[in-house]
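Both complexes shown next keep subunit A, but they swap its partner, so subunit B is in the first and subunit C is in the second.
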Partner chain A sequence: MNLRIRTVFSILISFMLLLIVIVVGLLLGEDSFAINMERKNQAPSYDHLFGTDWLGRDMLVRTIKGLTLSIGVGLLAAFSSTLIALFLSLLASWNNLCDRIVTWLIDLFLSVPHIVILILISFSLGGGLRGVIMGLALTHWPHLTRVLRAEMLQVRSMEYVGVSQRLGKSRLWIARHHYAPHLLPQLFIGFLLLFPHAILHEAAITFLGFGLPAEQPAIGIILSESMRYLSIGMWWLAFFPGLCLLMVVGLFDMLGKNLRLLVDPFHGQKS
Partner chain B sequence: MKKIIVVLVISSLFSLVACTDNPSEIEETKNDSTDNQKELVLAIGGEPEEGFDPTTGWGRYGSPLFQSTLMRYDKDFHVEYDLAESYEVSSDGLIWKVTIRDDVQFSDGEALTVEDVVFTFQKTKQSGSVVDLSNMKKVEAIDANTVKFILREPDSTFLSILVSTGIVPEHAYDENYNEHPIGSGPYQLVQWDKGQQIIVEKNPYYDGETPVFDKLTFLFLSEDAAFAAAKAGELDVVSVPSTFANQEISGMKRMELPSVDNRGVMFPYVPTGEYTEEGFPIGNDVTSDIAIRKAINVAVDRQALVDGVVDGFGTPAYSVADQLPWWNPDTVMEDSNVELAEEILEEAGWKMNGDGLREKDGKEAAFSLLYPADDQIRQSLSMSLAEMMKPLGIKIITEGKSWNEIEQLMYSQPVMMGWGSHDPLELYNLYSSKTRGIGYYNSNYYSNPTVDEYMNKALHASSEEEAINYWKKAQWDGEEGFSAKGDAPWAWLVNLEHVYFINDNLEIGEQKIQPHGHGWPITDFIEKWQWKE
Partner chain C sequence: MYVKRFVHYFLGKSIRLATLLVAVSILSFILVDSSPIDPVRSYVGADMNRVSPEQRQEIAEYWGLNEPSYIQFSNWVKAILQGDLGTSLIYRSPVKDVIAERFLASLALMGVAWVLSGVIGFLLGIVSGMKEGTWLDRMIKGYCYTLASTPTFWLGLLLLMVFSVWLGWFPVGLGTPAGVVAEDVSFMEKLRHLLLPALTLSVVGISSIALHTRQKLIDVLNSDYIRYAKSKGTNGWKLIYHHGLRNISLPAISLHFASFGEIFGGAVLAEQVFSYPGLGQAVVDAGLGGDVPLLLGIVLCSTIFVFVGNLFADLLYNVVNPQIRRGRG
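On to the complex of A and B.
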């Protein structure tokens, strides 16, 4: 099989799998993980593949619901981070001063441990869904901005850009016609690769108690709740949701990397 | 990414192995503390952050351990003398005279005098802490052995203050006292490693029954760590949350102590419209309807909550003071009765609409129920209650919040709260018109003149029996009261049992009904602890 076809194939598979999770998660209503004391603390069985928790809620349903929520949060966060990155990299191309400001901002954000700044932002915004999304959105842009800025510097020194400038084209025109086509593929793949980061960070700060409220069926909540039950042997509360989170993150990673192979002409045919 | 997966797989394999472990294999690491006759290691809960100063609240829930009190309760809540020899109350209830013994010494060898008693109560009044002494006008020594308390208002519950306030020495009291307590209790503090442990030794000058154990070590461990340490045979006494209570620990036996450590839903009692001085909203238009509160009280299946949420380690709760002397047994009601609840709601005009929700005058029977987000039992209780009320057409949205947020919202939204004290004054604090909106007290803004009158009579009562009689009437006199049979400003749900595992060979005797869970109530009768013969 041709390498290119193989790449397309794995993109399709990971995309389908993620789509299934989202669709199923959206279709499941509130009632599907209702409390049922009669079946609490059950180990995995055919009736409940992932077991049940201490309130008798089915862990498979909770996990899928949680993943859907995580994907949603990740989508929002990755989208806004990408927007910020695009804006800042365009700003950096304006003049030397802007470039220095942007570089300084990137260094500032990268010098503080990510999770700390995330907690800081989400906490100061009052926590909850809004705090988490804002926190994730405002902290994931530095790496991508750096990549985009480098790309921009490279494009700016190209001869055709100089020609356009001398022909009297406006900066906006140049940005649209010369910069954007080069940046877009980077942007798109950057967006996909931000996704797993955002999801993991959402789970992490929720796990630490600074994130989503406990009623939300988020993976971070499920994991932090299950910690209390590990020492009495209810391993399935943490194991399956954790594994599923890893798989979803892995799928996004795969999707992003394969897309890059497909889009990037220099690496497309290499193994 | 690969590394993470490998780590996760390995760690999950470990947890699998750990669960299939046969408990009998661990049995070899038997508790060997029986050889170590004179020492005990305990892990019985949180570190008292404010230290061990009775004038700021230490010992209020449970026993002060390092200090002793003027009087004390025996396990059936009869008052016994401790430092006091006798006491008398004037006929108007305003003047209390307490005579103390003159043969008591602090753990540093100095004698305990009336000045120390006067000093303790003055200090407590000034500290403005959780201990409320605003009703005490004056305290003075009238001779070498007698202390006189002058009250502003008659208060029969003043006795509870005498029971719960440990006496501190005036000569050794300074701002560091809370970390270096000196008292006349059975034990004295030797060492406090903050965040880890305290070590106490027998007080050589203690005048009561001499404790069997020379040295006690209290470890401050997380629930998981304490449980693990107990399994490894390192502890003699450990308190566990109800989640762990079903487990077995070899070499230890389970003790389930009944308590008034209760959990229940506080309903705002008045309609919306008013604001507190700080600007927080007061009142709730749904829960101010008595039909809603009664229906919830009648429909809830308390036993199911006990079995489901706390694995049977608890009892159904019907009031804030179940099983205490001032509790009125008439407050026990038949619950889990959905038909009756429906009848109550129908009669009051709450009709089912198309969405399975009840409505009255365009208002839906829906409200938020707040709980402290880090308290798992309250979370489970709230969610289970919400589930139980669904078929009734009442929609409860549960929301976990921090205590700071709850303090702003609790006057207008129902909260899953917990109380349970050995002091009947708690009834007054929770239900009196005078305590409306004072901190957590009566955040319902509940008020009923009949109840107020009964409680005032109880406070003014000259004898304990008389007071208890009025406390009972305030709960339910056959027609009115603050219990669920009357105005139902609360829906009490469960009393938690406090579960301990203790060394098979250790006898700790009978315990009192345990109070709300701050402090170390289990050490109350520590001088009676002994090894099994």
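On to the complex of A and C.
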């Protein structure tokens, strides 16, 4: 089996798995993780694969619900950060001054620890889901902007761009025929590779207690609640939700990297 | 000539740091100022019902909260320039002292973790690069990719469960044993409390440094001078030591210095899991408790911390590295 086919296969598999999580998460209603005191604090069994918590809620259902929320928030964050990155990299290519402003902005955002910026933004919006989403959306663009800007600079100095300019093609024509084919794949892959970061940060910031109220099924909240029950040996409260989070993040990462292999003609045949 | 260049370099860097701090303080002040969280409420805390509106007014007056934002900002900046970061609302002591004490604890944690992750990551990278394509390489690579998508705090929870709850080897949390006066805590006790959080934190840095070292070593091993050295009969460890390590160690250390921001972020999470009394826990408390002076103080402090890391990285890369030095001079 050649590498390209193998890449396509793993893309399909990771895509399917993620789709299953999202669809199941959306289909599950509120009552599926209702409080049921008769079956509280149960260890994992056939009925409840991930066990139940101190209110008798099924942990598998809570985990999937939480993952769906994480993916949703991640989608929003990755999308808006990609838009910001695109806008800023276009701005950077306009002239020298703009370029310096953009690189300065990138440096500024990278000079404060990411989690501290998230805390600041969440604080300034008074906490809540809105604070988390805004924080995630506004802070994931610097790395992608850097990549896109470098790509632009490289394309701009290419001979064929100079030839087109001298042939009298308009800026728009050059942008469409020379820049876009290089930038669009980068943009799309960058969008996908932002996901793992956004999801991990979402889990981290909710774990710290910013954002969602306690009854919301978010992975971060599940894990921070589980801390109170670890010392009495309820390991399943933390183990399975965290493992699922790891797997979803890994799947997104795999999806992005494999798609990059597939799209990028220079690395398509290398492992 | 050298002296002049060094002065030039450090002058440039100082100006950079100054502009950076100005920008960060303006931006974070704007963010904090627009928050709907009432500072008086977070100062008074649970006794809010017992405070009359007049008293509230007085508190607001005392803290200067009734002034327009720009005056508050200029007062804050003036105080900072005199070395006064204000008073923490939740710890009821000067922000400077809180940060100094907490930062020391965090620094111990981050220092141990930083060294650990650097050494482990570098060794793993070398082994992996030397044995490229073998099962060992694949295992290390897989391990690194898994680590990269592992949530730090979850790993901390697992370690806590296994080593503290099941095996009982380490304490469940805190930086010192409970019920003991701070001066009586022995060094060993402190170390025992430090080890698990540091281990958790070190995992964050391993994967990037290992993958970087691996790639660099593979590049180096494919170079002409390695082929020449091999043709002379040098091989095995000696080859790696003489021709490989010198080339790959500097960029790796440099990269590791540049990861101060990530390690700070990791420390915030690790400290929360282990209730370790460091700066990361303080920033979370400040954010949740509405402690504006402390929050702003820590923002500035962490900015300087990251800047110092990047400065070292840059120094190593530009000044110490002989290849680049010659190219410039």
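One rule holds for everything that comes next: the second predicted complex is superposed on the first by the 257 of 271 C-alpha atoms of A that agree within 3 Å, B and C clash if a C-alpha of one lies under 4 Å from a C-alpha of the other, contacts with A are read in each partner's own complex, and residues count from 1 in each chain.
In this text, a residue touches a chain if its C-beta (ideal position, glycine included) is under 8 Å from a C-beta of that chain, and two chains touch if they have at least 3 such contacts.
Since this is a predicted model, take the numbers as computed values, not measurements.
Touch criterion not met for A:G162: it reaches neither subunit B nor subunit C. Taking subunit A as the reference, the larger set of touched residues comes from C, when subunit B and subunit C are compared. In the superposed model, A:A204 makes contact with subunit C only, not with subunit B. Judged by the touch definition given at the top, the superposed model places A:G250 against both subunit B and subunit C.
Of the two partner chains placed by the overlay, subunit B and subunit C both lie in contact with A:F239. Contact with neither subunit B nor subunit C is seen for A:P181 once the two complexes are overlaid on the shared chain. Look at A:Y229: by the touch rule set out above, it reaches subunit B but stays clear of subunit C.
Residues 209, 227, 230-231, 233, 235, 238-239, 242, 246, 249-250, 253 of subunit A touch subunit B in one complex and subunit C in the other. Residue ranges of subunit B in contact with subunit A, taken from their complex: 1, 4-5, 8, 12, 15-16, 18-19, 223-224, 227-228, 243-244, 246-247, 304, 307-309, 373-374, 376, 379-380, 383-384, 387, 398-400. Taken in their complex, subunit A has these residues touching subunit B: 34-35, 37, 40, 54-56, 209, 213-215, 225, 227-233, 235, 238-239, 242-243, 246, 249-250, 253. Within the complex formed with subunit A, the subunit C residues making contact are 20, 23-24, 27-28, 31-32, 34-37, 145-146, 148-154, 157-158, 160-161, 165, 172, 261-262, 264-265, 268-269, 272-273, 283-284, 287-288, 290, 295, 298-299, 302-303, 306-307, 310.
Considering their complex, residues 107-108, 110-116, 119-127, 196, 200, 203-204, 207-210, 223, 226-227, 230-231, 233, 235, 238-239, 242, 245-246, 249-250, 253 of subunit A touch subunit C.
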